[in-house]
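Below: a set of structures, written as structure tokens.
In the two complexes that follow, chain A is the common piece, with chain B as its partner first and chain C second.
Presenting the complex of A and B:
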């Protein structure tokens, strides 16, 4: 790891943002950042100790009139154990509990889970050329590359697959992201947090320099609404998902009135499966409707020679998530 | 220590800070704007304290004792424990937060010491395997690991014991096979002694022994 200066601030996210705007790198739990620094993918001269900021807003899980607010520095372990989170969405607690290992969950934060960089093995090893690190071609797209964990959507230039556990559930829950911008806090739609990959750009989140994620707000769920999360991993525990799905289903009478379906580990960003939602709404919440939604979810997929299996796997996680959402509350 | 503390969050002294800053003139010049902004405490600055990139004097609380060390910000807690404090129970294997051999407790919770900076452990309680029990007074989980032969080469054992001791404390008699597997999923044993670890954990927790353990069950 290259030597760096460690900067503590006495204020909050606004002060951290000022330093980031000057070129410093924000560090919360560091599960992702230290990994990249050790691999020399990141070589910051200055690291700001966001993770040491003692601020109630950043560390609280709070029921508010707008919904459940989770601070950016809340750990995955705290989300997994929170009664408030479980009461709002057991699916979110489950996604947090199934992420990584206890040791990671005690350090990893909500904000870090959103901002972590791709876990693509080619991106993570500095000796490989990588389009996201400025090379001309993505090495995953080259014949003979290891492609089994790569994305199956939007993979024309970068075949990474967004690895994080929480985003699909947060997307399905209609989360809004609270960002500390230059002057004040701003709320953004969850979709607006993500950017399509670009040559030489490491980040997947669309934050302006100095903007800091400070919380996520989960609006109250409508009546007769269930949410479920499903993921398939190579190993049952402590592994990244090969594909994941979070589904929110609102019923009305014997029909699906509204649905929100999000996929993880299939594209460079978390991906909303709009076609699957459309295929499901108006149908009975049963096998036929779920199968139609699963088929619609993979329409337009562009698997690589090494990950054609993933298209079938996506259909499996969509179907399972919908089956669970039809069965259980929240 | 007569040095005046900087920043309040603990341990970094003004003298060490100035020494560090002086030793790294080139880096300071490159990143001068960050330093100026951080140290500007009024007039809209960020009001912070800069440490490093050179060695910083700090005090860590390790196994209930205050330990003074000098280390640059980039030094991990694991390297400080092993090399500066001669606490070699936590092992350095993957150094990427994956294998669990370096597991220690930070404020009573297991974390990977390789993925924590020593400087950010200031003000937190650090517990290593050396602080869990002694050869004469083993922690119940240490004793159970011996009784159930829950180790082969032993390299992963300190980390496994730290995670298991936390899980036993957390779940008590409710601990079961599935919970042990989930809670120790962040520790790898390349000898494959998992089934014995499960037996040791259940014994130490006073939980019901495994009725029909299937050692081929997937982890």
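Presenting the complex of A and C:
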């Protein structure tokens, strides 16, 4: 990696904003950042490691009047094991538990999970051309490329797939993201966190310089609401999902009153399947409605010659998530 | 003068036969099929188990010498290119850079991605990395085929400008017997299919590399991750232009090789050696994971177009076909072993190697076999089903190996074949399947290796040979054999191996290590026992022939008795030294080791995800010396085989020619979460080839797994799976869900 200035902050630093010097890169678990630095995909001049900061807000899973707040430095292992998380949404705990390996889950944080970059091999290996790194064309879109794990939505210029496990569930739970910006904490809608890929831009989260994700707040779920997470992984453990879906279903009488359906690993960002939600609301929570939602979820998909199967996987995870959400009491 | 010995070989309880052999006058009589042994054939924990589990075991990667420098190569990202210019001036100016060697100067041609272009030596990791990034190499990129299909396409860019990429290999690439055409025409049932296998990289956890230290007296010490300490020493000495006895190679522990670390030293070893020689400093060069995938060897892919026929009795009558594969930028070596195991009276096979602009293949655990047996067992399975015969019954009718006849039945019973074939695949989204495939291997070892054995008056026993333990348990096998002869416990034996200052040992290739060195250890133990008997006879005033080993005590006339410690106290200060030698092979029970595996899978037909639920592996390797390390070998072979069947795949961009998944999160290897229950049934027997009746086990255990898994998937989903790895995409495609 390229030489950089390194500041490690520990102890009880109160204000995380002060940690972010101009242009500094924040390092929490370092699971993603260090890989990119070793490959010189990332060459930050300043790195501030704040993973050991004893800041209650950043480290806590707290029940608040606004909902369940999870600090950005909470690890995936802590989310997977938390009774508070399980009480709010077993689906979130499941998504955390199924991610990566035990070692990684004990190191990786919620904030890092949201901010991690695509695992696309072309992006990750400096000697390959990559549109996200400034090349004119994404090589994955060219015939003869390795395409099996690439995205099937919004891939006109970049075929990357967002790899993270938690975002689809957070999206379906209606999470709000707490960002520290301009010395203030502000809450943002989950959808507003993401930006579509652009040439020369590595990040998938839309954060201005100096802004830091400090927590995620999960608002209380309405009555008669269930959430479920489904993912397809080629290996049972320590593998990236090929496709994932989190679905929230609120029933009213014999009908679906409201639904939120999010997809993971199939587009450059976590993707809300609005058409699937529309197809479901007002229908009975049963096979016909779920199938219609699954079909609607893949509307607009643009698979590559090497990954048409992923469209099928999306339909399966949407249907299965809805089936489980219809069964599960929280 | 050799002596004639007649004894029973084979498996106690059958099948067996009697052979008469010439036993060297210094060698011990062979044990035979019905020998009753004390330690051999029991579960003995690996001698170095605690060292390995606590991290105390020192691998080449762990060797750090005082004042050591680091070496690494800048590699071409292009598969086919000409170097236009190399500018190393910026790197040379960096503080801490000790040396820069241009390996491919301007005008040089690159024929695979990963080829070393410049070697750099630096004080530390940071400087080395900076230096590699400060070198400017410009290329004229030509491009060229990197897959077998592209390599054999008309008009493809040639790897060797003077020769076609397609190399049929002449007579060596052809096998013919009988009249397959006529047999096909007359067949009751005939099937044809094209099987495809991927390129698999060895993916040993310890990458290739070495540490070279140049001493003031002109000698060298080299710590190397190698499967052959002696071969490595010879090659290193030749490179350095010094006699072999000036080079000492040490491989204390080794983190896997699977064939990729056999033979001569590599480009990076050479670079490190030259820097060490010129700088008079220790230099370490270990490959990074990406380079390990790109340049350090692989199993060739294959495209096997096969036709097979049988008569009305379900007897195979003919096999014909053509195999294509690429072994990289060389000329040959991509053959698939798809003609053995079953009785096939009429045969016509052609093996064709296609040159491509990719890193060279290397020997990989049973070269040619996992891919060949995957295709052979696939077509056998298809033929059985087409003929309306139970696939196991079909195999029993066509398998001539007497021991495999026993093994098929053992495995089928353990897997509950009849019930599962009847009840599977079941209904619902998840379908189950069960099927099988055969293992074959024929190496029995050899050579004239010498094992030294020393005993001291304190009772310590030390065994010495240069042979390396590549992770298979060689140390423990030698200790068990010596312990058996001396009436002591294996953990009382200290085994000093992996060091060329001891007598030469075999390279670990072809499953030959244990049978090449084990019999010499047994003979050494035998000589030591005779010497102990002489010492006791003197003490007890009897004849040496009257001293016998009674379990773990020496006994003599008149109730005389001595423990191991008491006997050793008779040894004088200089100790007792003997040696044993590997003698010529005897006639043997069967030239081929036998084995078979059964796999049970669950296939999610909606997602295409496969979980292997259980494998039953039945194997022989002659006499099993240590059943615990042997089972460990079987488990490892099965895991590697499942991994090959379902996951591993070197993915190259066909336009850019480089590997897209050179990391372990994207080059998938079967992990613990996907490892099924594996039942190991070892059908131990006396192989009749040497005094211990041993054969090798490392390779046959991975030969049938992919075939068994693929056939089980075919059973589960009712579609013949002809291509591995069987990914979710391929399952869904086979089921017609997409495309």
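Quick note on the criterion: the second predicted complex is superposed on the first by the 316 of 330 C-alpha atoms of A that agree within 3 Å, B and C clash if a C-alpha of one lies under 4 Å from a C-alpha of the other, contacts with A are read in each partner's own complex, and residues count from 1 in each chain.
Note that a contact is a pair of C-beta atoms (placed from the backbone, for glycine too) under 8 Å apart; a residue touches a chain by one contact, two chains touch by 3 or more.
Remember, it's a predicted structure, so these values are computed and weren't measured experimentally.
Of the two partner chains, chain C is the only one touched by A:119; chain B is not. Looking at the shared chain after the overlay, A:236 reaches both chain B and chain C. Once the two complexes are laid over each other on the shared chain, residue contacts for A:128 go to chain C alone; chain B is not touched.
With both structures placed on the common chain, the touch criterion links A:309 to chain C but leaves chain B unconnected. Once the two complexes are overlaid on the shared chain, A:327 sits clear of chain B and of chain C alike. Once chain A of one complex is fitted onto chain A of the other, the partner contacts of A:8 are limited to chain B, with no touch recorded for chain C. Contact with chain B, but none with chain C, is seen for A:23 once the two complexes are overlaid on the shared chain. Touch criterion met: A:146 reaches chain C, while chain B stays clear of it.
When the shared chain is aligned, chain B comes close enough to touch A:106, but chain C does not. Common to the chain B and chain C contact sets on chain A are residues 1-3, 235-238. Within the complex formed with chain A, the residues of chain B that make contact are 7-9, 24, 27-28, 30-31, 33-35, 37-38, 41, 45-54, 56, 72-74, 76, 95-97, 100, 103, 106, 109-112, 115-117, 119-120, 163, 166-167, 181-183, 185-187, 218-219. For chain C in complex with chain A, the residues that touch the partner chain are 77, 126, 129-130, 133, 290, 606-609, 611, 646-647, 651-656, 658, 660-663, 665-666, 668, 670-674, 727-729, 732-733, 737-739. Chain A contributes residues 1-3, 40, 119, 121-122, 124-125, 127-129, 139, 142, 144-146, 148-149, 232-240, 242, 307-309, 311-313, 316 to its touches with chain C in the complex. Partner chain B is touched in their complex by these residues of chain A: 1-11, 15-16, 18-19, 22-24, 30-31, 34-35, 37-38, 45-49, 51-52, 77, 100-104, 106-107, 235-238.
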